[in-house]
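Got some structures for you, see below.
One chain, chain A, links the two complexes that follow: it is found with chain B in the first and with chain C in the second.
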Partner chain A sequence: MTELLAIVLRTLVVSGTATAMAVLVGFPLGYAIARRRFRGRTLLLGFINTGMGMPPVAVGLVVWVMLVRSGPFGGLDLIYTRTAMVLAQFLIATPIVVGFTTASVQALPPRLADLLFVLGAGRLRTMWILAREAKLGLAAAIMAAFGAIVSEVGASMIVGGNLERSTRVLTTAIVTETSRGEIERALVLGLILLGLTFIVSLALTVVQQRR
Partner chain B sequence: MEVSLEGVQVERDGRVLLDVPTLLLRGGRTTAILGPNGSGKTTLLRVIAGLDRPGTGRVRIGGLPAHASRVAYVFQEQVFLRRSVRDNLELGLRLRGLDPAERRVRMEEAARLLGITHLMVRRADRLSGGEGRRVSLARALCLRAPLVLLDEPLEGLDRPTYSRLLHELPQLLAAFDATRILVTHNPGEAVRLAEDLVVLVDGRVHASGEKRDVATNPRVPEVAEALGYFVVMRDGRRIAIPPDALRPGSGGEEFLMEVDEVVDLVASTEIAGRIGEVRVHVEVPAGSETPAQGDRIHLHADRFFELS
Partner chain C sequence: MYRKLSKYFLLIGIAVGIAAAPNANGQAKPSLILGTTTSTQDTGLLDVLVPRFEKERRIEVKVIAVGSGAALRMAERGDADVVLVHSPTSEQRYIESGDLVDGRLVMHNDFLIVGPMDDPAGIRKLSSITEVMRAIAARSIFISRGDDSGTHAQELALWAAARIDPKSLARREETGQGMGATLNIADQKRAYTITDRGTYLALRKKLGLAILFQSDPSLRNVYHIYVVNPKKHPTVKAAEARAFIDFLVSAPIQQWIASFGRDVYGESLFFPDALH
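Moving on, here comes the complex of A and B:
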């Protein structure tokens, strides 16, 4: 029971941290891409949109190659740690957050930022008001990013190693229990994962739909 | 509060959008910036508001550098937060640091003047075109800025709403205790609403001054066309004729028109055709004798202006 609780908490911490980091990077980046015109913008958006559907196992493999002892960042000694898992999940979540943010900011009335400028809003205030106006899309960005990384198994397995009491999270635990033939335990873990995703999504939906 | 521009030039993608060596817009008056689509009217307004920075030159409002805090801007498009009308009116007042009591007084006064008191709790982004335009005007009004900029404030309204607001606007503009600059491509609106006119064509100012001076002395074809006049050649001279001065029949300055089309407008009949290569049209009362397509008829102008 204690280990089960630890797995749930670990899952929340790893995916929650990765989502928070993706939001910190993805919101400003998506906002900037939506508001500015620059050379290569369409190409960049093409990469981001591709990234939104990137297979987690492929991301995991790239991170593993970078962090493995013989890799370019092997000296950091991060492979098979929760930090490595956060990093991989951050890379999966960021394009999703950027893509949703860009789309939702672009969907705002084109002159809204101009209006805020002439009404006297500074740059930060403008960003904050636009974010509030785009909250439907931004909340969807967080839900989609969290949902994608909390349910992925490939990247966590490769860079985390599924080590008991260290890097095992709900998805890798489900794989382990299934391979052991512990189908009931796997099902319980699956239900917990579903419940967790539902609670997080519901909380964000409440924020999203609040007037 | 007068507005002055010196050496202002705006370029985009290698194209000059605006080139204004010098322009002075007098304070306390309504000036209409008149010109065809793409002539740089909105760019000029945006430069004055500080929304676009000119590549060269400077804009001064009341002798000081242009700043958003001294401007109220009514956009051509309806631009609202997805919140109530009250929240939308209050936003600018909050951003300018007014206390709640002052905000309430100003909002109530503006809402009463624009007749939108009953709309205050409605979502602003779901209003009709006419209601939205009133709310935009109220939002600008309650800022009590010394300079009010209006970009095509009547564009896109249905006919009854347009007509109602067109007649109300002079009184509403007078309520702004400010210098008012209005952008329009419609010469009728410009002459009705403004005291001064600036004619902008291809990013350049071709005329500016009191509306009577500009309208009765267009001087160049660009100004005459922006004012909606027909510009025709006559014995090697170029002359501009206001549409209401051109009538079928003889007398005064006479022209021969080749009729292309006769359109029944129920209350009147429009005769469209060409004087030389210039397309013109005149209206005659319904029931009048009308020519057929291909006929040549005489028109006369009881008013016209020689152009250079």
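Moving on, here comes the complex of A and C:
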């Protein structure tokens, strides 16, 4: 029971940290791409939109190759740690956050920014007001990113190693229990994962829909 | 704008630092990476031994259960500190290449040929493993690990001894997964497979598979443990690796291995060998 609770908390911490980092990077980046015009912008957006559908297991493999002992960053001793899992999940989540942010900021009426400029709002103030206007899309960005990485199994398995008491999360625990034939336990873990995603999404939906 | 951006990235840097901090503290504690076969994990053996070792020696063990072939390749690249494997022929190659040193015999059990209770290929009455493999090849589905594990290597050796090319068998399929998953698939497909006794006993109550052939000298399954050679791979934590090996071959642990599983399965899953 305590191990189950530990797995649930670990899942929340790893995917929560990765989502928070993806938001820290993705919101401003997505905002900048939405508001600016520069060379290669469409190409960049094309890459980001591809990234939104990037196979997590491939991202995991690349992170593994980088962090494994014999790899270029092997000396950091990060392979099979939660930090490695956060890194992989961050890389999976960031394009999702950027993509949603760009789309929702660009969907705002273009005159709005001009109006704010005329009214004398500075850059940061403009950003803040536009973000509030785009909050439906931004909340959706967080939910999509968290939902994608909390339910992801390939990358977590490869870079985390599914270590009991240190890197085993809900999805990798489901794989383990299934291969051990403990189907009831696997099902319970699946239901908990579903419940967890629901609670997080519900909380964000409340924020999103508040007037 | 750019100055603001740089401040922003500094903030992100701090956030990442905070996120990584719990792990950094964890790193201060010595740790080692154990590359091993799925059978030691699927039976639950390491679930007991590893916490006990961690508590006694205060060294964290990262168990990567992948199959013997993959574990040996981890050793070859220096990606593990210690390997616990059961594929003697392949192990010999890595000893000769200087990747593995200080090998110790840990334990053994045996391989079993399991299949549907009603034995559609009729192997129960056969007396030699060669006949068994030929009967399965001719009449039934065979599910192979196909993951370059010790069990897979053993399976290929049995086909070779029976002069059958496994690639020519239309009804032989490879799962590419561990022993537990492969047994489940064989069960669902009403197929035959080869398994180590430990994993089979640990999963038996959930499977409709019966032991149909056993106790042949060619079905012996031997587990060795090695230190990954620190002279060849300088990142290897040799002291921690040796501590784990000393622990595994110590008298109390060897005696405990002999009793492991007896209360639940009525017989031992592994037979210790290090004390002889």
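FYI, the second predicted complex is superposed on the first by the 211 of 211 C-alpha atoms of A that agree within 3 Å, B and C clash if a C-alpha of one lies under 4 Å from a C-alpha of the other, contacts with A are read in each partner's own complex, and residues count from 1 in each chain.
Definition applied: a residue touches a chain if its C-beta (ideal position, glycine included) is under 8 Å from a C-beta of that chain, and two chains touch if they have at least 3 such contacts.
On a predicted model such as this, the values are computed, not experimentally measured, just so you know.
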item	value
Which of chain B and chain C A:115 touches, first, second, both or neither	first
Which superposed partner A:51 touches (first chain B, second chain C, both, neither)	neither
Superposed model, chain A: greater residue contact from chain B or chain C	C
Partner chain(s) touched by A:190 [first = chain B, second = chain C, both, neither]	neither
Chain A - residues contacting chain C, complex	17, 20-21, 24-25, 28, 68-70, 74-75, 77-83, 86, 123-124, 161, 163-166, 178-181, 183
Chain B to chain A touching residues, read off their complex	46, 49-51, 68-69, 71-73, 75, 77-82, 91-92, 95-96, 143
Touching residues (chain side chain C, partner chain A) in the complex	1, 4-5, 8, 11-12, 15-16, 19-20, 22-23, 26-27, 33, 42, 47, 50-51, 60, 62-64, 77-80, 177-178, 180-181, 183-184, 202-203, 206-207, 233, 235
Touching residues on chain A, where the partner in the complex is chain B	109-112, 114-121, 125, 129, 133
